[in-house]
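Following are the structures in question.
Across the two complexes that follow, subunit A remains constant while its partner is subunit B and subsequently subunit C.
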Partner chain A sequence: MGALEVRGLRKTYGKTTALENLDLAVENGEFFVVLGPSGAGKTTTLKSVAGLVEIDKGTVEISGRDVTSAEPYHRNVAMAFESYALYPQKTVFENLASPLKSGRSGKYSADDQRRRITAVTTTLGISHLLNRFPRELSNGQRQRVALGRVLVRPADIYLLDEPLSHLDAKLRSAMRAELKQLGEMSDTTTLYVTHDYQEALALGDRIAVLREGRLVQIGTPEEVWKRPVDTFVAKALGQPEINLLPAEVEHGQIHTAGGAVQLAVPPGLDVVAGTRLRVGVRPRDIELSRTQADDAVLCMYGTVRLAERLGRLVELTVALGDDTSVIVVTSSDRAAHEGEAVELAVRLEHVHLFAGDDAGEETARLGSASTKERQQG
Partner chain B sequence: MARELMPGQKRFSVGTVLADLAIVGWFVFSLFPILWMVLLALKTPAEQTSTYFVFSPTLENFSTVLSDRGTALTSVDFSSALITSVINCGGAVLVSLLIGIPAAYAAGRWQYRGSDDLMFTMLSFRFAPELMVIVPLFVIYNQIGLFDTTAGMIWVLQLVTMPLVVWILRSYFQDLPEDLEQAALLDGYTRRKAFLMVALPLVRPGIAAAALLAFIFAWNNYVFALILTDSRATTVTVAITKFLGGGGQAYYNLTAAAAIIAALPPLILALTIQRYLVRGLSFGAVKA
Partner chain C sequence: MTATTAPDEAAAQRLVLDKLHKTYVSRGRESFEAVKGIDLDIEPGELVALLGPSGCGKTTTLRMIAGLETVTSGDIRIGSRSVADLPPGRRNVGVGFESYALYPPLSVRDNLAYGLKARKAKNVKERVDTLAERLEMSELLGMRPANLSSGQKQRIALARALIRNPPVLLLDEPLSHLDASQRQRVRRELKVLQREFGYTTIVVTHDQLEALSLADRIAVMDAGVIQQFGTPDEIFDDPANHFVADFVGEPKINLVEGTTERRGDRVVVRIGRSGVLMTTTTTPEDGRTVTVGLRPQDCHSEHGNDALTLEGEVKVYENLLEFGQATVTVPGVDGPVVVQTSPEESWSSGEAMRFAAPPERVYLFDTDTGVRLG
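== the complex of A and B ==
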């Protein structure tokens, strides 16, 4: 158990910069998720905390102790590797006993070791595999053993590198639920790395979004979801991606090129006529409505071009004009058919306004279109 | 491919027959000298220059070779040369492993300025003909008293064995995922322990392969032993040639018998450690 503080972390591999000026402060017992696409520096972050890579700049503090130059075995952290990194010549039992035998995570008698291993393998449902070798396990079982090697010992910090990424979808969601319920996890400061936004939202007390080695946003799942700092974060969370429509300010109105979207400039949003914006709407926030619109709702009219059935849900591609279309996800019982004209409604607080872009760069969020919500910078 | 073949069924055509014949021809060509040597080793002195395949075989040559004390027929005690060879080559491989394994690990795990040049330099020892360095070595060995000593032979054989051990094992260490040792570090083990506990056991097949190859190359070395030894530390490769007679009579049948005896130790070694040569031990360590 312990807090983690990373300040000004910089790590380069040759000429490529993996991490640049990274600051993280993880509280004692917190479940902290680092989210980002591959190559964003997530694993490097973990290995820097673990002391497995030499960092170029910055400091790492664990439980108030500066460990920047400490050897990995002096840091008292446990890590589950994305590659599992199970010792192939050892059985599952021996793998799990390894951290207990080193003497650096505490002294354990043979009985203590057995008790701890039994406890953790029962929790993870792998107690029948103790005498097997890693090569005799499925990927899902290996993943559990790797996780078990972390949980079997007390540590200041658990570092988990994409622990669910190689499981099939069904097992992944089951394990996600299990992870959340593990007592060890909830007591111990955990740094969890993933590229899966659902895992991040479901598990994290807080989420840090990384992009190309830089921190983009830190916040609770709700904050990151509701108020993404820029289009990168907005696109990183949610599948299908958020709809982004280019728009312009004119006569106190925000409207898109084809005129399909018309919005009043919300109070507090300081934009002059001619300013280019991007209007962001998440597919799940759009409703198919045939009801009378009220003031707090943005209405759009369009034609369904494509309807894809995804079980309980339907993904609709709705053309709003000649060259604008939005993705809408709705439940299948209320779905429209292809070719049908529909009216779309979005509550204004779910309409995000981003700065205009030049040729596809990520731009900052300016606020929502809500007339009530206080605007965020 | 015109038609499917049943399992076990062979396509029969002029081309495949010719190819098979070519392979058989190649085998005959390459194995014939060995067959000839075996036959020669079984012949009596009277028959040794005959080319007939029909003769009365005898094992007497082998006992003559092994019992020759370097007095009756030649100037070299063959059986003690055999033992010296085992000691020289075994010692050379052992030293190469003791120094070469850590060197290969370092070379496989860490890149530093000039590390590739260093590795290339080490390999280049194998390019240069031994005759190029043998004269200065002869002078130096005489000066510092290493001439005709086991220690001197073990040392000079490092030129043969060390590059092999380091190069073969470096690639084994490179193939080993670094995550494994990192996991050991986080389990609380020091770098030395992580190496001994995790990395070393996993390259055992590589160590077996490197040791075997190094032993064979050292065993077959002729030039170093010829120039740098006399009677005390001379090796079996040199001892064989003594039966061809330096000025006296040439004993072809004894030479053949000696060559066969000399070929046995590497063969036995190869058969013994062959089961350690299997790769793929690290399968299952990390995701496929």
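== the complex of A and C ==
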């Protein structure tokens, strides 16, 4: 167990800057997720903490000790890689025992080893596989063994690099639940890297969103979901992506070019006439309404262009007239058909307002359209 | 390319597979029957997905239609013409493969134009420009394949299959190399283009979500056999058997053992130590052991006094903000049951949860054959 503090981290590979001025403070026992697309610097962050790369600038502290220049095995961290990295010629038991034999993290008697391995394999549900070889295991089982190899050794911090990315979608969601349970049981500080927003939301006590080597936002899952600091974070969470409609302020109203979206400028939002904005609405926050709307709701009218079944849900592409269209996700029991005219409703607290963009830049969130919520930032 | 080509830009045509078989025979090894007599009747302009796990025979089927594999027995008809014995170039099908098969020394523009020029088509430049614009790749036209990302290559391979405007279009995993948000955009664009131009289209995929969202009808394949052929609604809401129910849907459908009990003209199913659920099935006799399928999305927590529920203990609760997901252990049931909840609900580990699914969404399957019981 231990806290982790990273300050002013900078890492370059030749001319490429992988990380720039990264600050992270992970509390003791926290399950901390680093989320970002490929190339964001997630794995470099892990490797910097583990001591597997030499950093250009900044400090790394583990349990209050500066380990910036310490060798990897003196940092007392345990890392699992994206590939399973098991010894093919060793049984599961021998694979699990190997981190305990290296001597770098202390000496373990045969009894101690057996006890630790039993504890870990019971938790992971792999006790019946101890005598098998990696080639005799399914992908999910291999993943569990790889995870077991990390957990078997006591460490201040567990570093996990996309541990579920090799699993198919169905197995991944089952393993995610198991990891969550494991995280709740153990109180070891964990730094977990992923590009999968659902994993981040499900597992993280807090999430750090990275983009091109820079930290964009840190917060609880609810904070990053409900109050993304910019369009990048808003788009990174949620599938299908958040709808972003270009709009302009005029006569105290925010409206899109075609006039399909009309909103009062919420109190506290300091914008002058002519300001360009982007109105952000998540596909799942849009409801197909056939009832009378109240004034806490944004209404839009359109025609269903495309209805695509996504399991129990249906994804509708609704044309709002002119060039604007929005994606709506709704239950298949309530879905509309292609060609049908529909009325869409979104609660104002789910309408995000972002600054207008120039040339496809990511822009900051200004607040929500709610008349009640206090405006942030 | 052969000199005598079928007419360019023909109207969409019906595609029929008639008792199609493929057996691979190799010396010294057992022969392997990859496709075991499949029948498919695809309407002109229809988009059909061949969906199944790897090794189910879907790609072999596609390759037989394209003429890249010989047919062991059975027939393939495009329109009224049997094409099973024609060489690939004379079948008049457009093919897009998972591996991109682009010509490395040619620019993207020349890659796209190649097939058109070989067929001495007119307006080649305009057609390339128009399609590139539709697929949001105009800026790539001057580049070479080597300088492209895998997602970009895939879009170009797709464009090359589309550009000849073929009456029959065959696509093998056309979206597999795209990232999640690209995949959604290209998927929608593919569907719109396909509708607009009316190609009769077969898409091979192992991704059930892609099949559900893209196809007019889906043929779910396993072990060389079509398990069910139907609309996405039919496949998802009305699975024909255990395999289809299990393969389609994410998170996976819960499959648990149950025992039927007749109550008047209704059938309820007993699950675990004390669970009972109402069904809409009518055929199974009293006391029959069945496999019960419950989709996590169809389960909802119950707070009333309804006796027709399952009860268990929440092991893990994941708040995914779009929805919640509980992993529940039910006494007397092997393995956990997954229940999706609305995002407003909140559960903690150890809490007791009662839940049920609407009777028409409680699926019963024969435990031995896997066939759905009506």
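Note that the second predicted complex is superposed on the first by the 368 of 377 C-alpha atoms of A that agree within 3 Å, B and C clash if a C-alpha of one lies under 4 Å from a C-alpha of the other, contacts with A are read in each partner's own complex, and residues count from 1 in each chain.
Criterion: a contact is a pair of C-beta atoms (placed from the backbone, for glycine too) under 8 Å apart; a residue touches a chain by one contact, two chains touch by 3 or more.
Since the structure is predicted, the reported quantities are computational estimates derived from the model, not experimental observations.
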item	value
Partner chain in contact with A:Arg284 - subunit B first, subunit C second, else both or neither	second
First, second, both or neither for A:Gly360, with subunit B first and subunit C second	neither
Touched partner set for A:Gly339, first subunit B, second subunit C, both or neither	neither
Which superposed partner A:Ser102 touches (first subunit B, second subunit C, both, neither)	first
Touching partner for A:Tyr84 - first (subunit B), second (subunit C), both, neither	first
Touching partner for A:Leu52 - first (subunit B), second (subunit C), both, neither	first
First, second, both or neither for A:Asn139, with subunit B first and subunit C second	first
First (subunit B), second (subunit C), both or neither touched by A:Tyr73	first
Touching partner for A:Ser173 - first (subunit B), second (subunit C), both, neither	second
On subunit A, positions contacted by subunit B and by subunit C	none
In the complex with subunit A, residue positions of subunit C that touch it	179-181, 184, 187-188, 191-192, 208-209, 212-214, 232-233, 236-237, 248-252, 295, 297-298, 315-316, 318-322, 325, 327, 336, 338, 349
Subunit A partner contacts - residues on subunit B that touch it in the complex	177, 179-180, 182-191, 193, 198, 201-202, 281-287
In the complex with subunit B, residue positions of subunit A that touch it	47, 50-52, 71-73, 77-79, 81-89, 98-99, 102-105, 133-137, 139, 142, 149, 166
Residue ranges of subunit A in contact with subunit C within the complex	37, 169-170, 173-174, 176-178, 180-181, 184, 198, 201-203, 221-222, 225-226, 235, 237-241, 284, 306, 308-313, 315, 317, 332
